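Take a look at the structures below.
First subunit A sits with subunit B, and in the next complex the same chain sits with subunit C.
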Partner chain A sequence: MAAPAEQRGPRTGPRRHEERVAYLFLLPALAGLALFRVYPIVEAIAGALYRDVFTSHGPRTVFAGLANFGSLVADPVFWASLWVTLELNLIINPLQVALALGLALMVDRAGRAVRLYRLLVLVPIGVSLPVATLVWRLMLDPNGGFVNALLGRLGIPPQPFYTSAGQALWSIILIANWKGVSYWMVFVLAGLQAIPAELKEAAAIDGAGPLQRFARVTLPLLRGPLLFVLVADTVINFVMFVPMYLLTRGGPSGATNVLMYQAYKVGFAFGDMGQALAIVTVLLALLLGVVTWQFRLFDRGWGRS
Partner chain B sequence: MEGSRMTPMDDPHPRQHVRGRSAASFPGTAVRAGTTRRLPLRFVAIALALIGLALAGAAAAQATCTTTLDYLTLSEFDSAMQPVIRAFEAQHPGVCVKMEGYSFGDLFQTTQVRMRARDTSIDVLLVDQPVVAAYTSLGYLSPLDGTFTDQQVAHTWVQPAVDAGKVNGHLMAAPQDSSIQLLYFNRKLFAEAGVAPPTGLVPGETVSYTDVAALAKQHRWTWEQVTAAAKRLTVRSGGATRTWGFTFGQPDELYQLQPLGLSLGGTLLSPDGTTVDGYLNGPAWRKAAVWYGDLFNGAKVSPKGVPYPQTADLFAEGKVALYAGGAWQLGKFKGSGVDFGIAPYPAFAGGTVATPTGGWYLGVAAYSKHKDEAAAFIRFLTAEQGAALWFASYGHFPPQQSVLDTIRSGKAYTVFPDDAYLLGVYQSRTTAVVRPKTPAYLQLHNIFDSAFSDIRNGADPGQALDGAVRQIDPYLKRFQ
Partner chain C sequence: MTPAPRRLATLALAVLYAAVAAFFVVPLWWALVGSLTPLDDVFRHLAPFDLRALWPTHPTLAAYVALFRDHAFGRVLFNTAFVALATVAAGLVVNALAGFAFAVMAFRGKRVLFVAVLVSAMVPAEALAIPLYRVVGSLGMLDSYGALIAPAVSNGIAIFLFRQFFAEIPTEIMEAARIDGAGWVTILLRLYVPLSLPVTIAAGLLLFVFQWESFLWPLIAAHSPNVMVLQIALANLQQQHSTQWTQIFAASSLAALVPLMLLLPLQRYYVRGIVGSGVKG
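And now, the complex of A and B:
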């Protein structure tokens, strides 16, 4: 350790002392990371290797190796749940990023009407997801909810929404978008407003039309905020739980049974914690893979300058 | 206090400081000290006295509760349980009971989450009858050996209730309630639709046990009759349903739906309890599931998205004509102003008569620090004075011999609507069927309910049952 440091030269004497002080200052944050991030992950992965054996006198926890993962592979409900998780995320993440970008472009203008519009767009941020879910549950109620009444006025027959296997996932996507898009918009908007106006002006003088200015100037300069929004949004949506818990209980027919809800059900309704932790471990690995891929995509696709 | 060492000359902004501090601390303001000094002192004295009183009050409150029992229970029991708790606390000075109530759906999961975490703050657990075995194997319950004498165990409750609380010969939980299910009908809605209502118990008539038994034997409606009547009773206008024909009190619940399959000659589990394949997805349950799905998707006589306990509100508001539900809703319906009658729980035409039963048990939480006091509360509520108080207050059908005797001999139970309990006595003697006693009940229950919820939402009944079987069987095998 010491040799390469000395080769570089400056890491001696006062410099090294400074480094130590820096680490000392970082210590609380690092300890927090270890305690609240690393420890639960290690605990989850380790717990997935154990299994409760139920006897008439109480449970015994025994080491099971990869048995929990083995029974996952053999479980059709797990595979269906994995597919629902991927399906949801393949739809919702690009959709939310696109909508957030669209909203930000609309909001990024001056004027009095825009101010009111901005306020309306930001309202859902102040509503928690459980409250949003309960409000939408009433609005989407298939027996005489507000939305069906509205559709009735337009001559459209009443829809089953979250009570049908075909529409349940879309109902959840609708609720999550209503709640989430304006939040993500704020980050994109901050990125938009950080783009110097001279750049767009210069492009305009060079003869670039609005579309070209957007594609060649705005979008590349938004890469940072968009990457952040995509990654953070993906992480949140992969572990989305509240609407499934409050609205559909994973149903109908497993249509909204994402891995997070399946893990909850197996762990807390069935009392099978080892199996639940195995599901969580799979979810974690999946998420890690997807986020890594997203980072690479942005690096390659748009190349860092 | 540093201000007291200052003179006004030292202090660049004397007035500003005076505003924030007691005038007495500034020597420069001593001219008025004669009056100003006394006032704060008086305030201090009063404040001290108040603090003293508050401390004494807190100490007194603590003295009345040397032990506080945490009773994890249903939120719907909250107010009805108060008379029982007050009587118990009067009899056991120093012991207080705190109820922690959850909805039916959340109670099981809260129990799981907290008992898995070895929560020592829970003392008394409310346990659904078929879960006694599962909670025992999960290690959540502390045996009640020694809480009751052998004599008490033998004579306090009806035998099936005692058996259901025992695991490997140990009483793990004591019966607080039993339950019975009835078919309530709205007489006004039947009259308006011109449909003949079921023969049943109605206001203004006095009945004996023999009358009730005859009613149950000869005039029990079939589920086919329920559907036929419900179709005529359902009123729709402009795409919305104004009145529903029929609803189950607890849609999708195994407790309430088990009699459907049994009535058609099926069972949930194989006799040795090792599989549901060929049973839950056998011909009887398939037929029952098709009938159930049709209520919501074909005949459309039942509301799709109204869960327990809001279904009872629908009946109380006169928005549903037939309601199959527990006797514990009697109190609500009595007070609602609905003109209703009570008929025996239906069965399929030509099939076996089976009616739901089961009930709530009380157990000492395994990690409790007050096991003796918890056991005393359980004894009081299930076997001593608490049992009668609880029945009077909430009206759950009782498992206690003494309370059942009161129903059989009491005059009050020959007139409407409390004669429903007399019908309950008949049912519990002849037609009541408990849920299967398997350590995998938690899984069975959960997966069964999801399957029927899917069927309610329009899933193919056969596929839903096959799917449920594929999920339940691995658990049954693990518990061997």
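And now, the complex of A and C:
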């Protein structure tokens, strides 16, 4: 500790005072983050190593080693839940990035009308996911909801939507897109508007058509914002919980039973905290792996000029 | 292109723009109209579908009255507003102090601590809700305002926003004030705070929206009626009275209108805030 400090020169009065004040200013924020953000990670991993048992003296928590992870591996519900989580994310994350890019291209124009249009498209930013889910629940109500009424006018038979195993996950994807796409669009649009117009003009003078200009100039320069949106979106969608709780209860027959919902159910409906924390630990490890992989992908992958 | 195909392309584009706008606007508009409509009308105009579903033909406030009279929404709204505003007030002070230290002051471990703050902001709150339940439980804080407020005060993104903003303010004036013997608190309050309205709005909205929209944490940590917040009351309403569409619409409209009324006029700050947290980071 002392050596590097001395290299930077003697710690005389005012410098040491500045340092002390700085730590004091940081203390409330860092203490809050340590207690409510970092320590729960430790608690999840440590708690997953314990198990509640019922003895003649009442319930007790005992050290169980990796037993909670062992019973996860042996549980077909866990594997099904893991698959649903991956399936959801394999669909929704690329889809939302693509739709956010499309929407950004649509509203990347100057003028009053476009400004108003942008405001309309941004409405879902102010709507929480629980509200979005409940409104869409009635929109998609299989018996006389708004969408089926509209489909009826077009001569299409009523759809079961979230009440069928085949359409439940897609219903949730629809709701999450309604809530999420315009939010992510904001980041892509900022990236688009940061591209100097001269670059596109230069490409146009060189004879590049609109599609070529998009592929050769725009897309490579959007690498940063698109990577950010992909990673941040993945982090959120891996722990998606609200639509499963309010719309499908993980069903029908497990079709939307993602790991986050399974962890909640095990912990708070079945009261098995050790097992729930084991699922949370798996979820955190999975998330770390996926995000690292996404960063790698973008590092090596497309568009690096 | 010849004129006819060009006109067709323009038409297709117009249809696309209209459909996208309708997709984003109609659900909330329908909920708002439904909240002001008698229950029978809501169903009547959907079977078969009729454009009157999108206009309140017999406006009534009955659904809102029922929320406040039968479902204690007065208390629920107070709880939600109190928790959100307390989080914003405490969060602005705590995160601005940290952002100021990171931006302006010299101390050992600065880089490491700042990276740790950014990494902590990447971990989604939902993933930590279940272990957090045990942490807050062992502090004896469950089922209280404190359980809702305390974990949301320190916010890595808010710290980042303040740091970025303060770092762009030229240091010459600050250094002159130091030479004149001004203390750090004076410098922060007299020189930096008066300039920081934009970042304060952005960080305040961020903290407010985070708290207003959070669901899993209040669901497990605060379910007794005297601390219940809007999102949870809304979920309970749906589960216990699922046929009362107009009341669900009314509660949804209330829950959406407050953030919208804040975000639409202040959207430039908010958008700059969320973009600042992402693209540069």
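As a convention for this text, the second predicted complex is superposed on the first by the 260 of 305 C-alpha atoms of A that agree within 3 Å, B and C clash if a C-alpha of one lies under 4 Å from a C-alpha of the other, contacts with A are read in each partner's own complex, and residues count from 1 in each chain.
Following the convention adopted for this analysis, a residue touches a chain if its C-beta (ideal position, glycine included) is under 8 Å from a C-beta of that chain, and two chains touch if they have at least 3 such contacts.
It should be emphasised that the depicted structure is a prediction, and the values quoted were computed from it without experimental measurement.
Engineer: Quick check on the superposed pair: does A:Leu138 touch subunit B, subunit C, both, or neither? Answer first, second, both or neither.
Structural biologist: second
Engineer: Regarding the shared-chain residue A:Ala190, is it in contact with subunit B (first), subunit C (second), both, or neither?
Structural biologist: A:Ala190: touches subunit C, not subunit B.
Engineer: Using the touch definition from the top, say if A:Pro76 reaches subunit B (first), subunit C (second), both or neither.
Structural biologist: It touches subunit B, and subunit C stays clear.
Engineer: What's your read, subunit B or subunit C touching more residues of subunit A?
Structural biologist: Between subunit B and subunit C, C touches the greater number of residues in subunit A.
Engineer: Taking the superposition as given, does A:Val239 touch the first partner, subunit B, the second, subunit C, both, or neither?
Structural biologist: second
Engineer: Which of the two partners, first being subunit B and second being subunit C, lies in contact with A:Lys265: first, second, both, or neither?
Structural biologist: So A:Lys265 only meets subunit B here.
Engineer: According to the stated criteria, A:Arg249 is in contact with first (subunit B), second (subunit C), both, or neither; which is it?
Structural biologist: So A:Arg249 only meets subunit B here.
Engineer: Which partner does A:Gly152 reach: the first (subunit B), the second (subunit C), both, or neither?
Structural biologist: In the superposition, A:Gly152 touches subunit B and subunit C alike.
Engineer: When the two structures are overlaid on chain A, which partner does A:Gly126 contact: first (subunit B), second (subunit C), both, or neither?
Structural biologist: So A:Gly126 only meets subunit C here.
Engineer: So in the superposed three-chain picture, is A:Phe295 touching just subunit B, just subunit C, both, or none of them (first/second/both/neither)?
Structural biologist: Neither subunit B nor subunit C is touched by A:Phe295.
Engineer: Common interface residues of subunit A with subunit B and subunit C?
Structural biologist: Shared contact residues on subunit A: 144, 152, 268, 273.
Engineer: Sort out for me which residues of subunit B touch subunit A in the complex.
Structural biologist: Subunit B residues touching subunit A: 108-109, 112-113, 116, 134, 136-139, 167-168, 238-241, 303-306, 439, 442-443, 446, 450, 453-454, 457-459, 464, 467, 470-471, 474-475, 478-479.
Engineer: Over in the complex, which subunit A residues touch subunit B? Could you list them?
Structural biologist: 54-59, 71, 75-77, 141-144, 152, 157-158, 160, 163-165, 249-254, 265, 268-273
Engineer: Provide the residue numbers of subunit C that touch subunit A in the complex, in ascending order.
Structural biologist: Contact set of subunit C toward subunit A: 16-17, 20-21, 23-25, 27-28, 30-31, 34, 43, 46-49, 53, 93-95, 97-98, 100-102, 105-108, 113, 116-117, 120, 122-124, 126-128, 130-135, 150-151, 153-154, 156, 159, 184, 212-213, 215-216, 219-220, 231, 234-235, 238, 245, 248-249, 252, 255-256, 259-260, 262-264, 267, 270-271, 274-275, 278-279, 281.
Engineer: Report the residues of subunit A in contact with subunit C in the complex, numbered from low to high.
Structural biologist: Listed in rising order, the residues of subunit A that touch subunit C are 4-5, 15, 18-19, 21-23, 25-26, 28-33, 35-41, 43-44, 47, 103, 106, 117, 119-132, 134-139, 144-146, 149-150, 152-153, 178, 182-183, 186-187, 190-191, 194, 224-225, 228-229, 232, 235-236, 238-242, 245-246, 260, 263-264, 267-268, 273, 276-277, 280, 283-284, 287, 291.
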